[in-house]
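What follows is subunit A paired twice: with subunit B in the first complex and subunit C in the second.
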Partner chain A sequence: MLKYSIWLIVLLSGTAWAEKLTSTEPANLILVANINDTIAPDELDVQAIIRGDQGNWSNGDPILLVLPGREAEIYEQVSRGAFGESGMMMQKRWLKLVFSGRGNPPRYADSEKEMIDFVLNTPGSAAVIRAQHHQDLTQLLVKAI
Partner chain B sequence: MGFFLSKLALLTIAMSIAGLPKAYSIELPADNWNLNIFSYVNSHLAHSGGYEPDDYIELGETSLFVFGRLSNRLSVLTEVTLLPKRYREDTVKVERLTLRWDLNDKHRLTLGKMHTPVNYWNDSFHHGRYFFPTIDRPLAFKKFVPIHEIGVRFSGSRLGRYNFFYDVVLGSGQSAGNDPFINGLKSTTVSIGIRPTANLEIRSSLYQDEIINHQKDLEHGAGVQTNRRANLDWQLWSGSMYFENNKIQMLTELSASRNKGDNLNYTSYIFAGWKWLPRVMPFVFADFQRIDPKELHFTPGIQRRYGIGIKTAISNRTDLKVDLSTHAVQGDESKSSYTALRFQFSVGF
Partner chain C sequence: MNRHSIVTKIFFPFVLTTIMFAVVLLGVVPDRQAKILTANTENELFSIAKTIALTVNIALEKENLEALAEFNTFLKNDAHISVAGIFVENGDSFELLAAFPSEVESELAAGVDPIKFLVARAPFKTSNLCSGQPKQDTFI
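What follows is the complex of A and B.
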């Protein structure tokens, strides 16, 4: 039986080589948030928000977080830059968080543009995007990650 | 009451499916409703040892999970499991049905049927095998971990420098089943902990309950006979430590329980996994449980389970866990053990 077990483990490990990653080049990331309250960027706990430890703004309203979906060009960049793990693990982390009852379900977008549009048009929302869009988003609260 | 809970939970799920079809996919959640489905299959293909259970392939429970936001501060959560009659008498079971009110960004109030926050496992993985680090729950779950509770829960998190968190649950007790407070307020859970870094969580909890007419309770297995109508006070302490970064995942669950008399039962579960590749994690685990010979309620004895395994993400929504494990059981007059190659295919989306 031990022999079969070892063969099986070797076989399963082969699935790892099938991993196909989208762009993983490091990028400077920022958190953008559409919040009306006068919250200074320094008061934002970015890590707590993007990891789901903080589910509500300081006024009690829910944080509507939008994350890159698998089709988004920044899927791996955001997951590796903000979470330090693959996109698949980022989604699984959030799935677990929602299932535990502690987190609000995030929205997944198919592109960075869709993420930005969502935040611009949705009060209470937040997203992690590349810093190069910073100048175009003066109406949002912006904090570097 | 149980029938009512089932209908209410199914109605919530039906509403989310009928009105919000986008909720089917995790990547396209509807604005206010979110539906997730989890399921699994177990198999047990080879074995050896003094005690040899039959080989099997069995369907595991399918869990339907719905989260709905009713207003900015009010949300509802349901988890219903389904299993064919051949595997379980109740084909539909309501595992969780809660109403949560976010008092502010750090404190919450929750009402309904919930998982007790006695340890990390029960408060995080619930019925989702897709998230379980090992194929089985720790041995303690088959004995004295109170999985569910109907009651009121006060929670807080992100308090202070070390991210202190707390949960206090005032519950109906294990003997009440699905009938809220049928025996009055019987159980209390106090759980506290810290998350000093994004990777580490440490918690400790105390749970106390009164088992009504414990010798008639389904879990009763002790040979010691007492007054036929005796209720039994018991307490459970639990401690958990969970660590995960991009290289390793570790979980330790400790617990000790006692009831009237000078008995002390304890369990320990340790898991460690190494994220060898993005989709592959070899792991080891060991689980030990000792029920005191003087125990008045649970069946006395010692159990050990340990093994090695590997967890593989076959796709973004499916996992396969394989382990080679030994399970040894030692009772007052009997002893048995077996080694098995086990598989668990789980899915979550």
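What follows is the complex of A and C.
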């Protein structure tokens, strides 16, 4: 029994380690946005949106950005892929923008599913997620990063 | 001089008393009022600094920037507050993390002149923003 328990612990530890490795691997990212169809994907400046340089959509509505929080599996993937920096630096960047009044406060989500659900249910919102969810989000505007 | 004249008995004491009152009114009272006003303003600034510290702590610990955005609106509408900054402890020195308004960032990073500004400071700690150096300070 003890032998099996040890093997189980080793196996679970290995799985946890593998998951941690996966979450920091580079991933293809996309920006998904819940905006009306008057805005074409080509008109979107993705970098300006996710870096807070652009606070409103071209129709004047505020951009409600959803970013992965520390608990989210894609926290480091998104921060490295979209911002080119660590998750901690991404949070510092947004704290700076909001404190100085240059950016709308982003919402942090604990999972990719929560991010997608928020964007699906909130007009004017946008999020950076992994490209693998692309097919399921036909009602949203999607642009590769 | 006649020591029993009406001038000696009434006028001189009156003038002396008036001069003493004038000295008190022109010298001591404004000075004390200035000190009280400065102390009150410093208390107000300190309260605001503590609120900013708390707001930043919530923003970092709870990952919620809504309160910080609300506070930014308050700062914009308050004519008494000229500059606010969030500093992160970096070893023996402090590094500017964020500034309000953003135009004063470089000046604030260079340091605040305590002769020109009233400065209030409220330290706070977070567990996740700084690796190994969790202490941060807020100055106004």
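Criterion: the second predicted complex is superposed on the first by the 122 of 145 C-alpha atoms of A that agree within 3 Å, B and C clash if a C-alpha of one lies under 4 Å from a C-alpha of the other, contacts with A are read in each partner's own complex, and residues count from 1 in each chain.
We adopt the following convention: a contact is a pair of C-beta atoms (placed from the backbone, for glycine too) under 8 Å apart; a residue touches a chain by one contact, two chains touch by 3 or more.
Everything numeric in this text was worked out from a predicted model, so none of it was measured.
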item	value
Which superposed partner A:85 touches (first subunit B, second subunit C, both, neither)	first
Contacts of A:47 with subunit B and subunit C, given as first, second, both or neither	first
First, second, both or neither for A:55, with subunit B first and subunit C second	first
Comparing the two partners subunit B and subunit C, which touches a greater set of residues in subunit A	B
Doubly contacted subunit A residues - partners subunit C and subunit B	69-70, 88, 91-92, 95-96, 98-102, 104-106, 108
Subunit B residues touching subunit A - in the complex, by the definition given at the top	26-29, 34, 36, 38, 46, 48, 65, 67, 69, 72-73, 75, 77, 96, 98, 100, 102-105, 110, 114, 123-126, 128, 130-131, 157-158, 163, 195, 198, 245-246, 276-280, 282, 310, 312-314, 316, 320, 322, 324, 339, 341, 348
Complex interface listing, subunit A residues touching subunit B	1-2, 4-5, 8-9, 12-13, 15-16, 18-19, 45, 47-48, 51, 53-62, 69-70, 84-86, 88-89, 91-92, 95-96, 98-102, 104-108
Residues of subunit A touching subunit C in the complex	69-70, 88, 91-92, 94-96, 98-102, 104-106, 108
Complex interface listing, subunit C residues touching subunit A	56, 59-60, 63-66, 68-69, 71-72, 75-76, 84, 86, 97-102, 105, 128-129, 131
